[in-house]
């Protein structure tokens, strides 16, 4: 326990995190590819046609992972940002900064695939339903976070201001999650419920979970790639960076 | 009573200064000197705790600053006017005192304004005052709030000859009463003695 | 606590000195609510249906409009610096400023809403719920808004960035606030909506001044 | 396996636009993003290398 | 004319430098249009009916939000003084600033309106009319707004006073602009509405820069 | 070439001055003196046409000012910084020139900034510059726009010793080339000769 704690703090320095991230990236790409291929296989070739929705329901295999990741990444981002604010560790703030674009991308994908699903199912690209709207808010929160950081030129100040915004915005996550419970809306409620038997076919569930894992691994890989660039950009005047690039 | 050591500051990629140190005892004052952009203002802002230093330590009466005690003993007047243009000099002074938690009655506030040559302007909105008169309103705070350490950034700017002399006298009185002061100015200062720190 | 009241008094005094400012947040509220009937056309049934939504959105925008000025003037002229250096805790002064903002930009809306609601043909009990919801909601708007105002302080062109940051956070208040009135009109129970609003208010009252203070210190660096 | 032909697979039971629109958008964005990240890394690296070259040149000139 | 284009370029450059500013007027527009459905509830028929009104009011508020900054920054830091003393006629520089304001705060709304209209389920021809009406209407908003911005310049707390002065003047634009789309949806002729808008635009284009310049000179005294 | 007579100004109920008159020929300069609040700034603003006078007449080359010619021949630098904090010094200078209808290429702007000791700051946003550096950016306009009449209100404020000397030299050069200048300052001015006007 102690040992791992020490490890944890050791990697809090950009200098040691930069090569570590470089070594981890290929593994996450590999995992993302494996899960992705398996997931796609199930999505298109194993999962049966839905009785009500026909083949249209297959959007679920990208829509749900994107929606989950958009929320999950926000929480992770807020965690890193808060850690950076509290402990003043530079890597944490950089992680938060590198996660934001990926999170925004996931939110955009969730909105896009949801809209493409809504047209055949509900007959409208967009309805002002609570969950859809709160997902839109999440997208705006990501954009706000990035806009705020871009608007402040001193990176240290930008980190701190962004952290406060990220922490305040966390309240939105439970609202998205519970939105379907609190308002009766068009959007589907939770299908994965521990108490009840799964309400959808077992294969669908597997496909969804595999795709979600693929999205997850993908997100980690891209975020690590981006954080490496951010580290170099921010630390370009230190000695170690001059030797880090060959 | 004020001990500063190893202070370093950088802005952007520029190192402004490293390893600045000095100490002030009761009755002493420090003249921070340097060309435009050498870092005088930045140093003072570090000192009073408005921005974090890259390195270094500041001790006030043996305790690490910035602390509440330090703030209670401190007056910092910067480049900014820090007066509300819509309020009168009188209101400005009394409200500033209230925010600092100091009791200040009308009489005391008026006396300070008159000492600073603002007789007849107490009831005008600060907006219409001249540049030098605005500075004087700000300087009146030196009289209305007791504080041991005065940190004045180019306080002599925009003042006419009489006001420069007056401020010099105020500082001399303050030092004689055991106070301390840190000043910047590009002009020669009308205060005798004083340590010098060149950035 | 003295410093707290001194801040409130100071901000109120400043607002009075500018005279126009006190009444204009209210006028804005009135004008925005009257714009919609103009843009949408004078169908009573339609108007009644959209009344709670419009009143809430107008209240939200009226609050938003006053936000950039919450700290900007004090920042530009150096007063904020002096506050941060004051022996009184900055958090207390900030809480005072937020209260003053609510007294100037929130409370008048609460008092005015029933009158404007009348124009939209809402009945007495709906007006009561509307007022109650606004009474809980507007301080929440001021509290959340203060965080945004502090975050965008150093930033140039902050006014619009502020809107971008703050509006998403206002949406829950809007949904529950307008929802309460609509639920009441539809004959449903409004307790849930109102207690959620109250819970958010309590939460914000604890955390917002703290977050605002932290953001201000960052802006001053 | 419920597909009898490649054509049927791409037709997606009449939902081609929606299903392929979703999967296509995901594919495009998820492939583009790593390339953008990669480019950012490359740019900063190049600029660092350029800077080191400039440093070397400068010190060479000084010793000459 | 060089000074005119120099002003436009300068204001655009300043806006770019603040980065966020360019996109945020648009975001404000988007967010405000999304607030109403949230406040009002998700009934498609109802929403379609109020869509033109909401889009116009949102455009109007988005323009309004950028107005206080139109001259304020130049006033505070003394640049406006320098402009008044410049050998180029002040009216020309003012016209340049107004054009830049429209390019930054008006044009993006025109381009975005069709997309947002889609969300409210408007059909293609209604979207066309909406865009055309906004194309005529938003420069009008900028022109009228500039007069208000100049008049409230010296005045502290001008932001809200500005809204108070300008909104009443915006109402004709709102009525004819939203009216055009509603008339089209109702199957009526829209030529009248649009030509009235165009006439107002021409009138404003002649007189607004002149009135603004006069107001600015007064503010500088 | 500049003829001023019978100028009067009041603010609120206060008469600041009556019957102020002077004239300046090529190569001459005027030192406007007076205590804080005596009306120096107000007088200059009347003179350049920013606010109307109660009475009096101003003639520039025999024609009544303010006219377009007068404005073309005039540079007025006031208490304000009049530079955009978000832009770099270089951009500020070039845009100011463009607004005045003067062609100024990058080379010329750079040369002016370097002469004013801003080497290395050309690309920073003005916001982060020090108080003195901001003033220097403003003063660079004196070099980039030809004008016969310089009206400078406390232009020596916030400048360090080297910059004060530099500005003095610039003014002397300007006068030697047949220009005119009207200056205020509470410090002694490093420019020889000059008429005095005490308010």
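Order of writing sets the labels: A, B, C, D, E and F. Residues in every chain begin at 1.
Here is the rule we go by: a residue touches a chain if its C-beta (ideal position, glycine included) is under 8 Å from a C-beta of that chain, and two chains touch if they have at least 3 such contacts.
In this text the structure is predicted, and so the values were computed from the model without any measurement.
Enquirer: When you check each chain against chain C and chain F, which touch both of them?
Expert: B, E
Enquirer: Common contacts of chain D and chain F?
Expert: Both chain D and chain F are touched by no common chain, going by the contact rule given at the top.
Enquirer: For the homomeric pair chain B and chain F, should the interface be classed as same or different, according to whether the shared residue numbers exceed half of all numbers used?
Expert: same
Enquirer: Where centres are the averaged C-alpha coordinates, which chain has the largest centre distance to chain E?
Expert: B
Enquirer: Centre to centre, by mean C-alpha position, how many angstrom separate chain B and chain E?
Expert: Their C-alpha centroids are separated by 45 Å.
Enquirer: Per the centroid of Cα atoms for each chain, what is the distance between chain C and chain E, given in Å?
Expert: Whole-Å distance between the two chain centres: 24.
Enquirer: Nearest whole angstrom, what separates the Cα centre of chain B from the Cα centre of chain F?
Expert: So the centre of chain B lies 29 Å away from the centre of chain F.
Enquirer: Determine the centre-to-centre distance between chain A and chain F, using the mean Cα coordinates as centres, and give it in whole Å.
Expert: Spacing between the chain centres: roughly 57 Å.
Enquirer: At least two partner chains per residue is the criterion; list those residues in chain F.
Expert: Residues 79, 85-86, 125 of chain F touch two or more partner chains.
Enquirer: Send over the residues of chain C in touch with two or more other chains.
Expert: Only 17-18, 155-157, 161, 164, 167-168, 171, 175, 221 qualify.
Enquirer: Got the chain A residues that touch at least 2 other chains?
Expert: 133, 140, 143, 147-148, 151
Enquirer: Chain A touches which residues of chain D in the complex?
Expert: 1-3, 9, 12-15, 17-19, 21-23, 25-26, 29-30, 33-34, 37-38, 40-41, 43-45, 47-49, 51-52
Enquirer: Quick check: in the complex, which residue numbers of chain E touch chain C?
Expert: 15, 17-18, 20-21, 24-25, 27-28, 31-32, 35-36, 38-41, 46, 49-50, 52-54, 56-57, 60-61, 65-66, 68-69, 76, 155-157, 159-161, 163-164, 167-168, 171, 174-175, 178, 182
Enquirer: Enumerate the contact residues on chain C facing chain B in the complex.
Expert: Per the stated touch rule, the residues are 2-3, 6-7, 9-10, 13-14, 17-18, 73, 77-79, 81-88, 93, 220-221.
Enquirer: List the residues on chain B that touch chain F in their complex, please.
Expert: 11-12, 34-41, 79, 117, 121, 124, 128-133, 136, 154, 157-164, 186-187
Enquirer: Okay, in this complex, where on chain A does chain E touch?
Expert: My answer: residues 124-129, 133, 136, 140, 143, 147-148, 150-151, 185-186.
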